[in-house]
Structures are given as C-alpha cells and as structure tokens.
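Per-chain residue numbering starts at 1, and chain names A, B, C, D, E and F are given in the order in which the chains are listed.
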C-alpha cells in the first residue's frame, strides 16, 4: 500500500529490482550487468514492461488511490 | 486519473517513458538510444506492449471513463 | 466504447498502431519498417500480443458487450 | 461468448490468427511465414502467450462458464 | 475448474502445451523442438510466462480456491 | 494464500521456478542453465516479468492483504 500513485511507481520499480537481486544474489555480478541493460534499448523496454505489470498490481491493491 | 481515454493514452506513454528515465538517468545515453528503438520494428512493438499494459491500469483506475 | 466485439478488435489494432505513430512520428521511417515486420513471423506474433492486451482493456470497458 | 471453455480456447486461437491476417493481409506471404514459426520453438511459445491473453479475456467475458 | 491450486497449475501447463499442439500438429516436429526449448534458458522462461498467464485465468475462474 | 505481501513475493518466485522444473525435469540440465540466465541481463528481466505476473495473481487471491 502506498499513499500516492507516484510512490506506487517507485514501489513497482523496487519490486522489479528485488526479483533480479533474488535471482542473482551476487552484487558483483549485478554490477557487471547494470551497464549492459542501461545501454540496451531493448532491455530498458523489457524492464518497463515488468514495472508496468508490478504497477498494475499495486494500483489495484490501492484501489487506484480513490478516496 | 484523466478526463478522457485520449489523455489516458498519453499518460500511459508518459509513464512508460518515465521508467526508462529512472533506469537510465543519463540524458545523453538516452539520446543515443532513441534513434535505435525508433528505427527498430521489434522495439517499437515492445514499447507498444508496455503502453498497452500501462493503459489497461489507467483505464481501470478511471472506471473506463464511464459516467 | 464500441458497439460490438468486432469493432473492439479494430479499435485494439488502431490503438496499437497509434503508439507506434507517436513513438516514431516520421511517416517515411514507418513506411520503411512496415515491410520488415509484415514479413517477420516473430514480430507479427508480438503485434498480436499487443493487440490482445489492448483488446482485453476494451472488452472490460464495454463490460464484454453484455446486455 | 462461447458455450464451453474448450470453444473459448478455439476462439482465442482464432482471434490470435485474425490479428496476423489483418497485419499481413497477403495470403501468399502468410503461407511463407507459417513453416517458419511452426518449426521455431521460441515463436510457438510466443503464440502460446498471445492465446493465453486472448483466452483470459474470453474467460472473463463468459464469467468463467459458471452457471 | 479445479479442486486445488496445485491442480490449477497442472491445468495451466496442460493448456500452454495444447496451444503448441494445435499450432504444430505434427508430433514428429514437436519431438524435434522439445530438446531445443528444454535446454534453452530463455525459452524455459518464456514458457513460464505463458503458464503464469494461464494460471491467473484459472485462479480467477476458481475464485482463488476460496471457500 | 500467504500471510504478508513479502511471503507472496517468495511464493511468486517459487511458482516461477516450479514451472521450469516441470518443463525441464532433469536437475543436471537445470544446473547447467542456471549460470546462463544468472549472468544474462535480458533473461533476468524476463524472469522478473514472470514473477510479476505470478505475484499479481497471488495478490488478487489474497485480496491485496487488506484486512
């Protein structure tokens, strides 16, 4: 649960990153991968899809921040 | 929340772009990537999928703009 | 909102195309890309996924065309 | 709307094929593409994803065939 | 409809396989493809996505196995 | 059903892994694949998408852990 949609977006990004962390627990390996996907248009788009799916769950959980 | 489905579409596109911005905060790097995905049919389609997912969340949040 | 599921399908295809148009506004560039994805089985399938996601939103918005 | 889940599956497959047909209206071109994706494990899996999304919409539209 | 979430998972896998079967009806061809995707990490992940989508439909259809 | 969203995340990851296990039942083969996807940014992102889909089902099943 988050207070605003903006916080919901950041939670979605954090959730997407946590999965990477659990699948590849070695921080040194993750540091090697970061510059690869940060410079790859296709991978950035794929990250966007993951965050979009996570956000849709968070938005529903927060009843779309309706009062 | 947006007033019309059209505004919802633009918000979906903006949300998809914001994720790219957060994952690759370096504007110069993003400028290098833009011509790559803008000329790549496969990447344009993948962007379309991301926007479609974001829009489905926005549409539900707006109760499909029903009165 | 569309009157029938068939119109919903066409709207889904139109929506998927509009995203491509906004991301790549240059008509000449889009004309170059069209024959690429129209002859590529993998890209046609990916377009199908995008339309499927857009259609699911449209179908929900129309309450699945139930009376 | 379909009478049974099985019919829903076939409708999902038909809907996925129709998108390909609209995007690539040239039957001769589609005939060339068919053997490509039918022998490509990755593309068959991607078709499966599209059908899965279409089916989820059809299943919801039919209220999951509950009496 | 299935009695338990576990049965729901197996149904999801079965449904994902059935689509492959309908798209590539030639059993000999499917036998050739099996060792390809079973040894390909990327394809195994893609199969996982398909099953995840099918399962979400089955879970909703069973009202998440709530009493 | 899980007690908390955190447990829901771990269940999502477990569910994603179980599909791989059923599709590739040979543990020795899976051990060969693990270092491949753990060092591949694109595959890690794809795993993230699968977990995101599984989690959205689990979150809905738990009514988003609302009291």
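In this text, contacts are C-beta pairs under 8 Å (C-beta built on N, C-alpha and C of every residue); 3 or more make two chains touch, one makes a residue touch a chain.
Since this is a predicted model, take the numbers as computed values, not measurements.
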Shortest chain-hopping distance from subunit A out to subunit D: 3
Joint neighbours of subunit F and subunit B, given as chain labels: A
Same-residue or different-residue interface between subunit B and subunit C, half as cut-off: different
Greatest separation from subunit E - chain, by CA centre: B
Superposition rotation for subunit E onto subunit F, Cα-based, multiple of 5°: 60
Centre distance in Å when subunit A and subunit C are each reduced to the mean of their C-alpha atoms: 25
Distance from the mean Cα position of subunit F to that of subunit A, given in whole angstrom: 15
In subunit B, residues with contacts to at least two other chains: 37, 42, 46-47, 49, 53, 56, 60
Contact graph of the chains (line, ring, star, complete, other): ring
Subunit B to subunit C touching residues, read off their complex: 9, 13, 37-39, 41-42, 44-49, 51-53, 55-56, 59-60, 64-66
Residue ranges of subunit B in contact with subunit A within the complex: 1, 15-16, 18-20, 22-24, 26, 29, 32-33, 36-37, 40, 42-43, 46-47, 49-50, 53-54, 56-57, 60-61
